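Step one of this worksheet: look at the structure below.
By written order: A, B, C and D. Residues from 1 in each chain.
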Amino acid sequence: MLVDLKRAVCEANLELVREGLVIQTFGNVSSVDRATGNFVIKPSGVGYHVLKPERMVVVSVETAKVVEGDWRPSSDTPTHGVLYRAFKDIAAIVHTHSLHATAWAQARRQIPALGTTHADCFHGPVPVTRLLTAKEVREDYESNTGRVIVERFRKLDPLAMPAVLVANHAPFVWGQTLDDAVRNAVALEYCARLASETVRLRPGSRSIPTALLDKHFLRKHGCQASYGQK
Amino acid sequence: MLVDLKRAVCEANLELVREGLVIQTFGNVSSVDRATGNFVIKPSGVGYHVLKPERMVVVSVETAKVVEGDWRPSSDTPTHGVLYRAFKDIAAIVHTHSLHATAWAQARRQIPALGTTHADCFHGPVPVTRLLTAKEVREDYESNTGRVIVERFRKLDPLAMPAVLVANHAPFVWGQTLDDAVRNAVALEYCARLASETVRLRPGSRSIPTALLDKHFLRKHGCQASYGQK
Amino acid sequence: MLVDLKRAVCEANLELVREGLVIQTFGNVSSVDRATGNFVIKPSGVGYHVLKPERMVVVSVETAKVVEGDWRPSSDTPTHGVLYRAFKDIAAIVHTHSLHATAWAQARRQIPALGTTHADCFHGPVPVTRLLTAKEVREDYESNTGRVIVERFRKLDPLAMPAVLVANHAPFVWGQTLDDAVRNAVALEYCARLASETVRLRPGSRSIPTALLDKHFLRKHGCQASYGQK
Amino acid sequence: MLVDLKRAVCEANLELVREGLVIQTFGNVSSVDRATGNFVIKPSGVGYHVLKPERMVVVSVETAKVVEGDWRPSSDTPTHGVLYRAFKDIAAIVHTHSLHATAWAQARRQIPALGTTHADCFHGPVPVTRLLTAKEVREDYESNTGRVIVERFRKLDPLAMPAVLVANHAPFVWGQTLDDAVRNAVALEYCARLASETVRLRPGSRSIPTALLDKHFLRKHGCQASYGQK
């Protein structure tokens, strides 16, 4: 089942290691096949050096239950399921504990759009969720993590803002393709680090003006985009 | 004697270099064979590029004296001995001067549990010992280093908290297996770095709620663990 | 056309990756052939792993229009054009979003000359432009980016100060040769990082005395230079 | 002349690159042959990738003039000469602009002995020189750099404190052997970085107690040393 997707998801997981976004067994990537209503995700707690396409796990979007695979899926699987159900236009999700994005998540601060590097990728500040209640943590924790993300996006477009910081936890990032999702995860970490350095140089730094934010985001995204090759 | 253990300990010492936790001749790993009452430890002041299994030193847990080996054991050997005698369930000890964990030790601040990355590995703040007195430094220094660690753990479970910061010195980390001990040393450095970044973004950061701390730690440790493969 | 220059510009773009100054498709290098009035620049949004000399684009200095090449030139091409028209003695331009220089640009702070490392390369603080107005952003944005740089250099010599920080954006760096421009971009990032570390250790740090600034800059640059081989 | 010494000095210069202590053409290593009264030093402004033993320059300790070699010696040669004349027991000198040590030099702050890592290598805070006067900068600058170092060491033992920070400039480090000098330069950079991280976590950090400083320094240095192999 979904042999090509397994290969692509396995490769994307390994790309996280090469990009320095994960250590040990932290982090996971999934990608969805909307036609069959299933997504492919990394197995739980398996070291990156032994990841293979055939060890990827196939999970139903609807139920978040395993459809195929001998291995347990990532413990974050229910979170992925909630996001695929709520955000119909995304094709892949990347979860890491990458250093600087996670520091902002732990500080429970949104990452302001402090420059054009950020505006090239994210159309506004990267939002942070509310804290889960003790009850939400104790019961159905992983699904509730997805729910607070969806709650935070009530007035946000997940295609214009393909990332979120889960409070006291870490980022979740997505994209319209698997490549986009990985690229956004790398960009988020870079923008988070840039923002950390910037607020140390100027503690009260604020987001850039809307004109500049729009110019850079829309130069690269949407129907008016002029960046790159046709 | 203990040929397999020597090979494993030698390899674990080299792993510290690959993980960026040690420079020059700093740092040492040991592992105990409870059946014979001996542990194997790195020789003192020997560069990592010339480490070999047969150069590892075998030391008695009881006396901390050399049982076998042509080389002097690490100068921290008495500290390892005290810990093996006090913490009966640990199998290996890792001592490094890794950058961020050592900075917290030098600042004599415990590392608060600021997020789920920390909670996945450490069931609470990573504690810091008291300072040794001048007398404790001058006489039997290395054993006294072990004793202030044990003193600090009077009300702590060394399996739920497999790391400590020795004030003005550096971390000691352990585990129920040699692999666990190395993994915990890597995780400690990462959590220390994450915490440094977080407290700069939000100076008064406090530990996460107990419910979240328990959820993440117990998801990975103990009889209720659901993380990873069965 | 300009086959040797294309090869050199392609190679210089790849050097940015090796030096850690760019990620993804950010950044671009160009170099001018004053005899023909054209410059060669990286194509827009093309990954560094597929850059080849024959994919470089030839652009007219006068019009900033493409003269040769099947690919769209970098979106920053009009900025390069303005700089080549205004600064007659420069031969190459490097634009990156390198971490520390960009943090200073985002903080809209000039980088003070805090030590001899800086003075060896830059004859004074590295300046920052004013913000563009919303109108300047919306219409002819890339050319206006060049114009605010030129405006900032009204009283500055671009050969003594081969770098600028565009406010809320990132650095542009240049040189009298392509090698110089790349070297200056590397030096700028290093000096920016050094300055960040220094102001954290001493928040009110000020530029070094003029005598020391002159001694180091003039030891390496201009007709009195004594550094290096004859 | 001094063929073995040239090979060793060339190799030590390259070691600085591998250790990440220098970029571009910054930095230089020299080593002295006390029997002939000459020292061997890196040529000026030559890239590390083209360094070869036969390009090293032989200089007289007494006069700081070139004795042999087709290349100009490092511009810092007169500084090395002053140090070899004043500190009779040192065999080699390393000058770098390594990031964290240079930041402390630019901040004109001595590096306090904040932990045992520092105490293992440096018997007290690493001192910083006074600023040179404008006159000292304009005339005979490089020799005066050596003189302010010697002036700062009037009450210090260069073997117990094998490093200094030249204010607004960078560190000079030395040792009783060439290997020691390089090792001390690496240790200085690590201790400087550790100290930067520590003072951010606890701004008013002070040096560790004398008992602990002595214990660690004397465990590794001098006639009572017990560290390492006999």
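The rule we apply is simple: a contact is a pair of C-beta atoms (placed from the backbone, for glycine too) under 8 Å apart; a residue touches a chain by one contact, two chains touch by 3 or more.
What you are looking at is a predicted structure, and each value in this text was computed from that prediction instead of being measured.
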| item | value |
| --- | --- |
| Where subunit A and subunit C overlap in contact partners, by chain label | none |
| Same-residue or different-residue interface between subunit C and subunit D, half as cut-off | different |
| Centroid comparison with subunit C (C-alpha atoms), farthest chain | B |
| Intercentroid distance (Cα basis), subunit D paired with subunit A, Å | 47 |
| Interchain centroid distance [CA atoms averaged], subunit A/subunit B, Å | 33 |
| Multi-partner residues of subunit B (each touching 2 or more other chains) | 200 |
| Touch relationships between chains, expressed as pairs | A-B, A-C, B-D, C-D |
| Residues of subunit C that touch subunit D when the two form their complex | 114-117, 120, 183, 186-187, 190, 193-195, 197-198, 200-202, 205, 208-212, 215, 219-220, 226-230 |
| Contact footprint of subunit C on subunit D as seen in their complex | 23-26, 43-46, 71-72, 75, 97, 99-100, 102-109, 131-132, 134, 137-138, 141, 168-170, 196, 199-200 |
